[in-house]
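The following pair of complexes shares a single chain, chain A, combined with chain B in the former and chain C in the latter.
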Partner chain A sequence: MSARTKLSLILLFAPFALWLGVLIIIPHIDMFLVSIREKIGIGQYRIGPANYMAFFTEPLYWNTFMRTALMSIAATLLTFLIGFPVAFYIAKVARGRLKTTLFLMVLLPFWVSELVRTFGWMILLRETGVISHTLQWLGLVHRPVELLYNDGAIMVGLVYTSMLFMVVPLVTTLDSLDDELIEAGYDLGGNGWSVLREIVIPHAMPGIVSGSIVVFMLSLGNYLTPVLMGGKNSLWFTEQIYQQFIVRFNWEQGAAFGFLLLFLSSLIVWLGLKITGQTLRETMG
Partner chain B sequence: MIPSIRQPKWLKALYSGYVALFFLYLVAPLVVVAVFAFNDSLFPSPPWQGFTLDWFFGTEEPKLGIFHDDAIMESIWISVFVAFWVTLLSVAVGTTNAFLFEREKFPFKDFFYILMLLPLVIPGIILGISILVFTNTVANWVETAFGFDIEALRPGLVLVILGQFSFIATITTLIIAARLRKFDRTLEEAALNLGATPIVAVFTITIPYLAPAIIGAAIISFLMSFENFNTTLMLVGSDAPLTITMFDRLKEGSTPALNAVSLLLMTSSAVLALIYIAFQKKAPE
Partner chain C sequence: MAADETLVGSVCGTKETTACDLECRGVTKRFGSFVAVGDVSFTVPRGSFFSILGPSGCGKTTLLRMIAGFLQPDAGDILIKGRSVLDEPPNRRPVNMVFQHLALFPMMDVAGNIAYGLRRRGVPSAEIVRKVEDALERVGLPGYGAKRISQLSGGQKQRVAIARAMVLEPDVLLLDEPLGALDLKLREHMKVELKKLQNRFGTTFVYITHDQGEALVMSDQVAVMNRGRFEQVGPPPALYYRPQTPFVAGFVGDTNRWRGKVLTADATGVKVSTDSGLTLLAVSAAGMSPSAGDEVDVFVRPEAIALSRDEAGLGTLDNRMGGEVVSLLFNGANSRVLVREKNSGGEVDVTLPQAGEMHELKPGAHVHFGWRADQALCFPASGGDEA
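Coming up: the complex of A and B.
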């Protein structure tokens, strides 16, 4: 290696190392160190697992964690079920201009702040909101109905926010599926269902996996939707972390919660990749 | 299924109907946010009380327009300030990262590439708290060792900028690297043969080729910074960017002023999106 190529490598590696080291790796190590210390007096700490034990002994923490995980899985599933037919329509049925327009429309929510999207849903769903008003006007109900502040509302918000991250990878993978393969499936005596199961879904698998991973992560780490649409009893784990850090100023406990959430999120990503035999590189790149 | 396969008419109609319904779901919250910005009422909800521009230009309470609302105007400028620095940092590091991973050979390259992707799979709240914990550790250490307080390391705009930069840099890296990968290196070699030094060759040939990707990455960074909520929430001090101000207002109870800000946000995003699309179309292969 000549001196010049060595120099260019060093110059390019330095910003990378600085960025990743100072902002990602060292902070996470430090957060881990904070999570395993126990307060025994003012300014006095010792190393111990108390913060993690608190998670297992306090049912509220444990329940919130499980609830967040299960609802995120449900949101992922629902996003897939709702998004798949739309992705298929964009990739295989729509042609020319319509196809481009529909695809750009799916991207629309990305350009709008999550806060604005959530606000929009609040205007639609709340007791004095648009849907409640419309139902009364139609005579279907006779007093205002509160559609906000329940788990269903959280679900609507989560699915809405994540939809694009499911549909875009699905459209990309379905686009690469040759129409002739579907026709051949029919020629060989398949029906709509068996062609879907034997040809379309296996082909779309990479898109399904990357879409699901991103949607799951986004739901798990979401804060706005559960807080604003779920009301007082929404019990989302990110809320617990915020509580510990900002409200109670118990950073040790908050750091431990942060790590548990990170662990769960990484575990699911890893499992998803493992089961389908993909790598993070393909999925994200 | 696909158009070349015969399907009963009712099934086709059903499918198209479903897709239409989906797009209604996609635009509904955005439309209501926009429409109620012009409602002459104190609440962003039906019934319609008539058209007004007071929520933009009104000069006194209770209908204080956003252009006269100092708190909102100030937080818009704070957001612009933050987004500017995040964009600058992310594009700079994204460009050097792209060259690092596309051009250089070094040990454990695959491993470092995975590390580079990590910020995308860490929930935003956790990125925020890990940086909060780490900067606090450093600040406390400096304070005990040298006896002075580094204001920049306490929650505030510097931390917000660093927190957003920590994950947006991954996105800019991916965008710029994708274009660098398509670059024909013989162009650079021609410049070298004609007597250019490697640095001159990169700046006169390669960087102009990358320009559409760099501009695209800058637009995406600016937008993601402007819209960011989760990471910002954990790192914010007394100067609140727009999303934080809006969140606080939303919790207190909303007025159509929030719709007006949202509409302003959506319009600016749309303009940025159009610029982005224009640049992507113009990019020569």
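Coming up: the complex of A and C.
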């Protein structure tokens, strides 16, 4: 490699390396150092695992994490179940103008900030909101109904927020599925279900895996939606982290929770890949 | 049923309906106002190799997709073994298709591909294993079951695609230009292979192609299709030697063509004065009876033209002329000479004789050439149906 190409390669990767170093690696090293500090007096610290132990000894923390993880898995499944038919329709059924329009419609909600989107849902779901009023007007209920501040509302918010990240990879992989393969599946005696199971899903697997990982991670790390739509008792793990950092000013505990979230979510993704027999390499390739 | 059987006509005979695997009656398909397939009728006898030959865009795939069940005809009926299948979806029709791009399932290995249809039918798994092995054996790929599709060569993929369809023992196998994606050498090889496979399985093949070489070599019957219609159906020699339409004359095999006006016409032949100034003796194509003054096209095959160094060598051929060699197109046994006729200036394609004096022919040489009147077919001039 000549000096010139070496230089241009360095210049090419410099912004990326800078971004990785300054915004990801350095803060994380610092965070890690903070997380293994134990406070023994005012301004006095020693190194120890106490902050991590607290997670396992205090049931509230552990339960909150489990609840967050399970709800995120459910949100991922739900997003997939809703997103797959949508993606299939966009990729395989819609043609020309309709296809572009539908794709844009999936994209459109994401031009609005997450905060505004969430408030949109709150306007619909709250006690004095649109749905409550409509139900009363129709005579289906006789007093205002509160649809916010429950797990269902959190789920609606999470699925809505994640939809794009499921639909886009699915559309991309389904687009690359040759129509001839589907026809061959029918021609050889398959019905809709077996063609879906044996041909369409295996082909879309990389999209399903990458979409699911992104949606799961986004749900797990989401703060705004669970707090706004689940209310005070949403019991979301990110809320615990926020509490430690901002409310209790316990940076050591917050940093430890941050690392636990990173580690445990990676573990769940790894387990998910193992159970479904997928590998990250196949997904990327 | 009995009433149905008497309806089944022409080739199949009235008693033996089962001797005929596929029949199309007036099948028509329109896309908007465009007629992709227009009033096509044909019958395919059991166990025969039937080809549909036509230029790109003439409606071959559309016709095949109607037979397979992916498209519904606007008019007409499709019968398999004497029974109308119009109401049956593709997965119930007793036909299978080998797709233009083969459509092998990359998510399964070779054995999985072949077993797919058997699994869908609920065949017991021990029998599936046996049948898959048997099918692989028959297409000459024993032991390939565990290979991935991406590990196969073009010709091997081809054979797996055929095995996958054949293992289901369909009444009719539909093949949509399956050799189109292969290189020339492999295509030549697969032509022979395909014909052998068809013989071995004894299945009825409906094969579509735009390559006349493929159609002529492999088929028992060939239908020549143009603009959504069948121009002529017959065995390859009949299409080659006795074309019934100018399109068939021009499309099947190479040919020289002159346009001209009829000077005289009688039972023995037609005398034509071409637009380029030649006077040719020809015979009228079957069923046509041109009269003086009609505009006609005269077709002469390159191999029907005799070539000689001197005029005497042509003997008493009905059409004799001289010219200068423009170029030699060497292609082994199929070598050609392009000769410029000296009076009209038109170029004529002549097959180069392999033996004798023509061996040393060079561009610029003067030669004489000619052909018998009955080797020149004349048709009423057609509009834009250039082949």
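Structural remarks
FYI, the second predicted complex is superposed on the first by the 248 of 285 C-alpha atoms of A that agree within 3 Å, B and C clash if a C-alpha of one lies under 4 Å from a C-alpha of the other, contacts with A are read in each partner's own complex, and residues count from 1 in each chain.
FYI, contacts are C-beta pairs under 8 Å (C-beta built on N, C-alpha and C of every residue); 3 or more make two chains touch, one makes a residue touch a chain.
What you are looking at is a predicted structure, and each value in this text was computed from that prediction instead of being measured.
Of the two partner chains placed by superposition, A:Met166 touches none, neither chain B nor chain C. Of the two partner chains placed by superposition, only chain C is touched by A:Asp178; chain B is not. By the touch criterion defined above, A:Ile82 reaches chain B but does not reach chain C.
Residue contacts after overlaying the shared chain place A:Pro202 against chain C, while chain B stays out of touching range.
When the two structures are aligned on the shared chain, A:Gly190 is found in touch with chain C, with no touch to chain B.
When the shared chain is aligned, no partner comes close enough to touch A:Ile154: not chain B, not chain C. Common to the chain B and chain C contact sets on chain A are residues 183, 186.
Contact residues of chain A toward chain B in the complex are 4, 8-9, 11-13, 15-16, 19-20, 23-28, 30-31, 34, 82, 85-86, 89, 92-93, 95, 102, 105-106, 108-109, 111-117, 119-124, 126, 128-130, 133, 160, 163, 179, 182-183, 186, 192, 195, 213, 217, 220-224, 228, 238, 241-242, 245-246, 251, 254-255, 258, 261-262, 265-266, 269, 280-281, 284-285. Across the complex, chain A meets chain C through its residues 178, 180-181, 183-191, 194, 198-199, 202-203.
Within the complex formed with chain A, the chain B residues making contact are 1-5, 15, 18-19, 22-23, 25-33, 36, 43-47, 92-93, 96-97, 99-100, 103-104, 106, 110, 112-127, 129-134, 136-137, 162-163, 165-166, 169, 174, 198, 223, 226-227, 229-230, 233-234, 243, 246-247, 250-251, 254, 258-259, 262, 265-266, 269-270, 272-273. Considering their complex, residues 68, 70, 89-92, 96-97, 99-101, 103, 105-108, 116-117, 120-121, 164-165, 168 of chain C touch chain A.
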